[in-house]
Structures are given as structure tokens and as C-alpha cells.
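Across the two complexes that follow, chain A remains constant while its partner is chain B and subsequently chain C.
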Partner chain A sequence: MGKRAAIIGTGQTYCKSIRRDVNGQELINEAVTRALQDAELTIDDIDGVVIGNMDHFEGINYVDCWSIDGSGGYMKPTMKLCTGGTTGTTLGIGGYHMVASGMFDKLLVIGWEKNSESDTTGAIVTATDPILDRGVMAGALAGLAIEASEYAAAYGATSKDAARVSVRDRKHACNNPYAHLRKEVTIEEVLSSPVISDPLRLLDMCPRTDGACAVIYANEDVAEKLCPQPAWVVGTSNRHCYSRFADIKGQTGMLSLTTAAKELWAKTGVKEPLKEIDVMEMYQPYSWGGLIWFEDMGFCKKGEGPKYIWDGVTDMGGECPVNPSGGVISTNPIGATGLIRCAEIAGQIMGKAGDRQVPDVELALATGFGGCFWSDMILYSKNKPA
Partner chain B sequence: MDRVAIVGIGQTKIEASKERQNYPEMVYEAVKLALEDAGVGMDEVDNVVTTSNDFWDGRTISCMPVGGVSGAFDKNISGVEGDGTFGAFYATCRTLSGSYGSTLVTAHGKGSESRSIAPMITNAAFDPVLARSLGLDMTTACALQARKYMQRYGITEEECAQVSVKNHGNALDNPNAQSPMKITVEDVMKSEKIAEPLKALDVSPISDGACCLILANEERAKKFRTKPVWLKGVSFCADAFQLGDRDLSECKPLEQAAAKAYRMAGITDPRKEIDVAEICDAFTYQELMWTEGLGFCKKGEGGKLVTSGATAKDGDIPVNPSGGLLSGHVAIAAGMYRMIEAVRQIRGEAGGMQVKEGVKTALAHGVNGLCGQSHCVWILGSE
Partner chain C sequence: MSADNEQEVELLAVHSRTDVEQVFHYSAGRYLNRFLTEMRDNAKIVGVKCPKCGIVYAPPKEICDPCYAEMTEPVEVGPEGTIRNFTILRAPFVDPETGQAKPVPYAFGNVELDGAGSLIQNYLLTDDDSKIKVGARVKIEFHEKRTGNMRDIKGFRLLD
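Coming up: the complex of A and B.
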């Protein structure tokens, strides 16, 4: 059997659309330094480094090797994970498995992106199959616009319902000093912002951000000695079902997330997610995901997402606050975005979330989205798993 | 710690250009072969790891096209970027973590689709401000390393050429090799200059291929028909990034990774205890350097080692009986190909490449980055 494992320290950079004051290695180092400070460790205490980003967003090949000066991986085991948008949660899941395996006691896990150094859409276009998909589904917007349209058609949800999600996340971001966009918006402002891919409007969407995040994972042999309140991993689950956008079956929800959630709840014994989970950081790059995917994970029935959102169930102070950090709509350094979800959840469990702290967090969820409608989930707990 | 075994292997033939397959199709072939080898269907595979590189594949999210063909539609899956030995390491961690009893891991490279821009792909690994504009790429940087190493230890071009003669000759017995050749030291010396002191026959080709491993923990290993090949030790380590920050004539990260892997495997005298090694000879001089780093001989004696015949197929420490990367270099998959050849030696299934009966301990090695910046060392065993 493997070992139990937890996050014992986190660090995030300040985020902007262009961090002109640092290069990539320096940006990485900013997050690493904060994580080490948070865990009260030095780089000498670290057994290995795992890093992730998307190659073409900076145009740097072999990033695990290039980043050594910033990551602190010199003369340490250093490797790279990457799965597109899910990279950050892939890292969160990877860090867990690597320390749970017993191969490492303390592992530094880094996600980063300096999106300002490339043309994000230009880079992401090449993710699609050159023959079957690229002509129609290229870029990050097309698939999401189709999902939103299908969902609206099936359940009668409106752009106004989606706008309410954007209003929530953008309000939450004002409590987060690390958030990129910290400005409240109104429903009317969302609905009157420019259409960028019908029915999606500018304020429904995430930005692209320069930023980095680092977390330190430790296994049960050392976690409690090093950290007064480790954020224990209870379980992980993911699905990257599709390889081509043209294969995706919609309308009934996102298959990857529905399936991953079913597995995670079964593995961890969660029966009523809405009641049992105290806070969620959701990789939700657009407002509609806050409706559709909330349902797909079983927090409410299909089609009922809008009602829960309007009732304030997912607001700060609600039954299950979603994205106290302001979420992906407010901050999106792509390779770091999923790991920020993990870091924010760890902060909530450790009681270090500052103005965005949700009271009495025991069980909390981080999710990831990316690739070809892929989903990752990690359930963290205040309590050491049995 | 639980134990992990390799219970299934699959590799496509390494070729200069697989015109009839796109890269997911190559991976599908390797996965199918590994499942056939293990005698199971996908239902015995608990989760999947793929290994790829966006630059070599010319695709952002290069893992995307290979998830489905690796059978991961309804399974947990992850993606590693780097050499296949690193992909296999993460697959091992997932198998040891208690989350999964078995893990299928793939790696692929289709160099034929990026051959014309290969220098640009490896140029993109250099610092964009300080080094890229010098025009350095993998080959020219390694030429600098070759010169530094040769100068420091008095290694000759002829000694390097011996590696080419040995490995291309070994490939004659490997039906999956791309470039088996019966050549002489003179042929190597006369071959076209690529980047001083490297000549065409000192340099590995750019190849197409895919490979796949199935790993299982001790309990699950019993369910597969193959005789398990056990992970005895593994470690990896990275050097500094800037070439100017490194002494290129040294391979400290390899020495450290090897030391840790040997300790884990209980090996104290690698030359005696290791029966066969499959290592990343992207350039002839690298096989010499890496054999030193792995402790098969003293520093600076790699040239003497190959000249003595010790690393030949019938030597006391055979290196690359498959022909190594010089006979087929699938970028990203290269190290995993080495692991598969090591498994075949331990199983006694290496055919004409078999170094002897009863191979108990084999070493496989992979490299990430420029001039051997990061190394991964695997010790596999029959028990």
C-alpha cells in the first residue's frame, strides 16, 4: 500500500496580463520561494521537483531542464508533466502519487505560464487534429460555445443565468491579492459585454495571465512534523475521454466530469457532495461551466444549476462556496491554473486563506478542465485519511 | 514499499519514415503489442500514462491524440513530457501509490514529420535571449561537449568511432532497428562532417516509432502470463541549465542517479553485477561518457573500455546489444525502447541480441535536455 500524502505549503505569484518585471525563471522562483517560506523549508529539504506548463505558450522546449535556475531543481530529480489546461491538476494529482509511492518524502510541484510571451490562441490552435478538427474547432472558445448552446437548448438556461456566475467569481476575486482581475461587475455589464463566440461574451470568459504557483507535497512520514495542519489528499479521479473534438457527445453534460465525479464519490464515500463538501475551487474558465459542471458533479440535479446559483448556494457564506479565490474567470496562467485550485484549497484547509477564508473547512474539492473536454478532480481533507 | 514489475512490452519497428501511420496509429500498434505480450485486455489495465513532447509532435497538448489509442477513454490518465524513462517513472509511482494495481505507459516520436525543423526544435531548448541566436542546437552543443570531453581525457575520434562500429553491427541482429550496418572505424572517420568533431556515423538518426510498457504491483503481476521483470532501482537527476554553468566534460547528474539507483538495487560493483546495459548513445562520445558515469570504468577510460571489447555483445559488460540510438533514435521514446530491450534480455527473449543465458540484472538509461543535462537510470532484475 502507498502512503498517505498532503500539501504542506503553497506559494503563488502576483498575477497580471504581462509581468514585465520578471522572466519565466524568475516568475517560477517567486512562487517557489513563497511555497518554501510557507512550509518553513529550504530548497535543500526538497527531494524532487515536478513542473508543468504548455510548451508553445512560451516557446521553450524541455522546460523541466530550462527552469532549473528558477525551480531549484539543480542536482535533484526533476521532471515535467503536461496535459494542456488540466496541467495544473495533473501536477496536483502527480505530486500526490509521487509522495504516496514512497519515492519522495517532500516534493516541490510547480505550475506556471507566461502567456504574454506568445499568441495563446495561435498556440492552442495546433492542439486540434490537423485534418479532422482544426478547420472548425480550433481554439479554446468554439467547444465551450457549443457546450453552452447545447445546455441552453436542453434546459432553458439563459445568458443571464451564466452572467450570475461571472458576477460571483469576479466579486470573490476582490478578496484575493493574487487574483489578476479584481473588479466587480453587474449582470448588465456581463450581458452588454462584446460577444466573442455566441452565446459567450467577454465577461463570461477567463483572461490569459502571467503567473506561477508552487505547492509542496509530503507523505505521512513527515507531513505532520512539518506542518500543523496538512491538507490531506483523500482521493483523486480523472478522465480524458476524447482525443478529437468531433467525437464529443454533448447535451447530457460533460462525460469526463460526470464519470470522474462518480468514481471519486464512490472511492471516498461522499454521498451528498453539496452537503459534505465545504468549499470548491473549480477550474471553470467560463461562466456557463459554473452551471453545467456543478450539475455534472452531482451537486444538484441536471438543469437545476441556475436555481442554486441565483439562491447564493455557491456564494461566500453559502452552503458550498465555489471559487472564493475568484476562480479561473479572474486569473488564468494556464499551466498554473489547476495547481492554484489545489493551493487555494490547501489554504482553506490550513486556515490561511485570509479575506477569502471559508469557515470550518473539513472537506474540499479542486477540479481541473482542459484538453478535449477533460476533467480532473482532487478531494482534500483536514483529517488524515483512515 | 510495494514492488513493481514490467509485465508487458510492445514496440514498433523503428523506421526513418512511417508514411502509412500517423503518430496515434503508431502508439496503437505498440499498445496492442504490449497487451498481446501480457496476455490481457484493457480491463486488466487500471490507468494510463502517456509520454510526448509538443515540439517534436508539432502539436500543443501532444498527449491529446494518444489517450484514446492507449485505451484510456474511461480510465484515469496522465501525461509526462520528457524521455520515456521519466514517463515510466511516473507510471511506477502511480502503481506504488496504492491507487492502481497496474499502469500502462506509452511513448512515441515521429521524427519524420519534424526532421526538417529538428535544429529549430532543439534550438528552442536554449535560453531565448542569451543563447538561441547563436544558432546552437542539440548537435552543435553536443559537438562542444564531445570536444571538451575528448580534450580533457585524450579520447580520440577513432575511439568514438568504435562505438559506431559496435552498435551498428549489433543492430544487424535487431529486427526493429532502423540502420543496421557492418562498418569499420575508417568508414566512420570518412563519413561526412556534421559538426566538428562529430561525423555522420557518430550521430544517431531521427526516427519514427512508439513503445509501451505495462507495469503491475506484486499482487497484480500474478495475473499476467509473462514472467515479471522487477524494478530493482530507479533514480533521476538534473544538472544546471546554462551550458556555461556546467563542466561539459562531466556527467555529475548521471553519477548521482546511478549511485541512488544502485543503492536501491543493492548493487555495489556495477561492472560485475550488471549483465547488460542499454543506454542513450545519441552520439558516439556519449556512450563513452555515460559508461564512465555509470561506473563501468574510471573517468576518462570510456575509450579504452570500448576498445578493449568489454562493451561488445560478448564482453563482460555488454552495452547496447540492440544497436542503441545510433541504430534508431526515436526522440522521447528512446529511453523506453532501452527499457524494453533490457526486459527482453532478462526474459531471455532477445534472439540474436541476447548477451548470454540467465541475464539477472540489466540497466536502462534515458536522457532529458541538452548534452545530458538530466539522466534517468533503471535497474531491472529477474527476481
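Coming up: the complex of A and C.
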């Protein structure tokens, strides 16, 4: 087993649909500067850099080289990780592995995206099989719409149930100065917004955002010396299943996520996620995911998601608040989105979450979603693992 | 530099476009080669069966993901099947295959052809969108002129 490891500092940029005031390298540096400030370190203290985005959005293929000035990676071991939508949580898991290996003490991990620089859906289509999946497929939007169609048919959930999830996340976003969309919406507004891919409406969906996030991981040799309350990693899991969208068959539940959750709970000894997890930042790019995936991770039984959402269990002040940051429905710079989940959870554990702070956080979960319905999960704790 | 002065200065963007056409040539591979040829020459959908779990993949592929088993037995499936999931896409976007805007709205779904265990993705053809439901029955339709491409499939016609 490797060394225990933790996040000891985080930095986020402010986010909007077009950050025309900065180019990619400057955007990256904005997050890096804030993470170093938060950890009270300088770039000289950093042993290595891992960076990620979805390169087809900006059309820049060697991002690790191209961004070396902004990332601070000059003459340091630097590499790129990219796994599509899960890029940010892959960075969170990969960064953890590197410091837990003992080969790096302090690692800078960066996720970023300038989604405004190309056509998002057109770019996502290039992630699918060129012969089979590009003729009729329409990126993340349509992939999620077909999942919702299947879930609604199996369990009778309605667009109104899903709308309640959007209402929650957009309300939470008002507490987060880094969120992109900081305006509350009502059930009626969600249900009267334009249908973009049946049954999904505009306000069921995440925006496209320009933004970046950086976190600094440290292992047990230095973490407590550098940080009064490190956010310790307790366990991670991730699953990839299908390579073709059409193979995602009759699931009424996300196979990769149910499997990843089972592994994570078994590894970390969590028996009742709803009772034991104090807060979750979920990579939930559309409202229906707040129902379907909440069930898939075992927070409630299949088909019961809507009841829990309506009862306020996942609202601020509820038993397990979900997305105090406003989540992905409020802010979505795709290559950063998963890492923002990790940074937000670290902030919750460190007690630095400001107006979005959940009281007494000990155990907290960050999740990632992407590709052909792939899943990442990272469990963080206030307490150093045994 | 502060981002707060955004209103005061003109912010430039440099626009890039690919004026030179960049064409990719994707090998179909051994399995899709037979599949596309059968579709082009005989208007048939021929999948392949996993020797371990028995699932028929149509379109075919070499390896059954869960079993990691090589599949060799061809099986014809369809032409009728069942809609397992669907959407009607209404948001405009650029088709990266052509560079043109997609002709939204259009209905598409994943259909389990009779005899298949995997799904096949294509347009859903009907005059009445309210007929499109999970579980609805459909029949595959091909174009008259076929070239050995997924676009040889016109779509799945809703059956009454």
C-alpha cells in the first residue's frame, strides 16, 4: 500500500460562458496562482504537474507543452491526463496515485476548459466511434436524453421531478462566488424552458463554461506540516464499460456507477451512504442524473430518487446536501468540472467553503461522469485514514 | 492583471477555420467489413454471437466486453425490433462529419433488433412523434442506393 495523501490547497477561477479577457494559459495560471496562495506555497515547492482538459474543444493537442508557462511546469515533470468528461476526476484520482506512490511529495493538479472556443456538441461527437456512432448521435445532450427516456419509462419519474433537481442546484449556486449561473429558477421556469432533446429542457442541462481549477496534493510525509486540515483521500474507484453508445443497453441505471459505488463502499467500509456521507459534489450535468445516479450509488432504492429530492434530503440543511456549489448545472468548464468537485469537497472538509459550507463535514464524496457513461468516485475525509 | 476591467478595453478573438479539407480514412476492420458489405449488397443486418454469454452483437465486433471472448459465429438479426431508448433532438449543432448544421429536429433511438442482444442506433421514422415510445415496435429501412456505410440505413419505421 502506498502513502496516505490529501488535498492541501485549492484554487478556482471565476467562471462565465466566455472568458474573453484571458487566453487558455492565463486562465490556467489564474487557478494555479490561487491554489498556491491557498496552500501558502510557491511554485518552487511543487514537485510535478498534471494537467487535463478535453483537447478537441480547443483543438490544441499538446496542452501539457503549450501551457507550461501558465501551469508553472517549466523544467518540472509534467504530463497530461484526458478521459473526456471524467478528465477532472481522473486528474483527482491520478494525482492522488502519484503522491500516494511516494515518488512525489507535492503535486499540482490542474483541470481547465475554454468551452467557448468551439462548438461543444460538434466536438463531443468526435469522441464517439467514427463509423457507427456519428451519423445520428448528438454529443452529451442526446446521450443523456436517451438515458432519461429509459428511466422515465421504467420508474414513472416525471419532468417535474427532474426540475426539482435543477431548482436545488441553481439555488445552491447563489452561495458560490465561482459559479457561472447564479440565479435561482422555479419549477415552472424549468418546465416552460425550451425542449432541446426530449425529454430534456434547456434548464435541465448544464451550461458550457470557461474556467479552470487547480488543487495541490501532498502525501503524509508533508501534508500535516503544510496544512492545518488536509482533505484526506479514503478511497477511489472508477469504471469504464462500453465503447459504443448503442451498447449501453436496457440499463435503467448506470452500470459503471453502480459497480464503482459497490467497490468504493466495500473498500472504505461505508454501509449506509445516506447516513454516513455528510456532503456530496456530484458530476451531474443534467437534472435527471440527480435522480438516477443518486439511486445508482445506493443513497436510496431504485425508483425512490424523486421522493428523496422532493423531501429536501439533498438540499442545504438536509441529511446529505448535494452540490452546495451549485454543481455542474450551474458551472461546467468540462475539463475542470470533475476537479472542481474535488476542490469543493476539500473546501468543505477544510472549513473554507464560505456561504456554501455544510456544518461538521467528516466524510464527503466527489464523483465524475463522462465518455460512454463512465464513472469516477473519490471519498475524502477530515480524518487521516488508518 | 484584473479581469474586472473587461468593459473598458476591446477584447480580441482570433478566429481559426479549417479552409483545407482534412479527411480521415477509418478502417472498418474485419467485423464491420462483413457487416457493411452484407448491408450494402443484401440489405441484411448480420451480427456476431459471443461463445460464452450468447449475446448477439449487431453491429458485430471482435470482443464481447464483459466476457473478453473472441466472437466468430455470424447471426442475422431483424428486420424488426424494439425501441429501448430515444430522443427527439431539437437543439441546433454542427455535424463534424460534414461541417454543416444538423437538420434538427429529428428523432433517433437505440433499437434492439429481434435476435440481437446489443442495440443499434438510427433515426426513428414516423409521421406521428407521439408513437415514439420505449417498447414500441419498428422495422429497419434501407436506402435504395447503398455504399457500405451506416448511412445506408434510412432509419427505423414505427409499426402500428
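Annotations
Rule of thumb we're sticking to: the second predicted complex is superposed on the first by the 382 of 386 C-alpha atoms of A that agree within 3 Å, B and C clash if a C-alpha of one lies under 4 Å from a C-alpha of the other, contacts with A are read in each partner's own complex, and residues count from 1 in each chain.
The criterion applied here is as follows: a contact is a pair of C-beta atoms (placed from the backbone, for glycine too) under 8 Å apart; a residue touches a chain by one contact, two chains touch by 3 or more.
Everything numeric here is computed off the predicted structure, so don't read it as measured data.
By the touch criterion defined above, A:243 lies against chain B and chain C together after alignment on the C-alpha atoms of chain A. Of the two partner chains, chain C is the only one touched by A:153; chain B is not. Once the two complexes are laid over each other on the shared chain, residue contacts for A:342 go to neither chain B nor chain C.
Once the two complexes are laid over each other on the shared chain, residue contacts for A:141 go to chain C alone; chain B is not touched. Touch criterion not met for A:173: it reaches neither chain B nor chain C. Of the two partner chains placed around the shared chain by superposition, neither chain B nor chain C is touched by A:110.
Using the contact criterion defined above for the overlaid structures, shared-chain residue A:361 touches neither chain B nor chain C, since it reaches no partner.
Of the two partner chains, chain B and chain C are each touched by A:59. Applying the stated contact rule after C-alpha superposition, one finds that A:35 touches neither chain B nor chain C. The interface of chain A with chain B overlaps its interface with chain C at residues 59, 123, 125-126, 241-244. Contact residues on chain B toward chain A in their complex (touch as defined above): 1-2, 24, 53-55, 58-61, 63-69, 72-82, 86, 89-90, 92-99, 121-122, 124-125, 127-129, 235-242, 252-253, 256-257, 368-370, 373-374.
For chain A in complex with chain B, the residues that touch the partner chain are 1-3, 23, 54-56, 59-69, 73-84, 90, 93-94, 96-98, 100-103, 123-127, 129, 236-244, 259, 263, 370-372. The residues of chain C lying in touch with chain A in their complex are 1, 3, 6, 11, 13, 16, 24, 26, 28, 32, 57, 59, 61, 65, 84-91, 93-97, 102, 106, 108-110, 112, 117-123, 133-135, 150-151. Touching chain C in their complex are the following residues of chain A: 14, 19-22, 26, 59, 119, 121-123, 125-126, 130-139, 141-142, 145-147, 149-150, 153-154, 194-200, 241-250.
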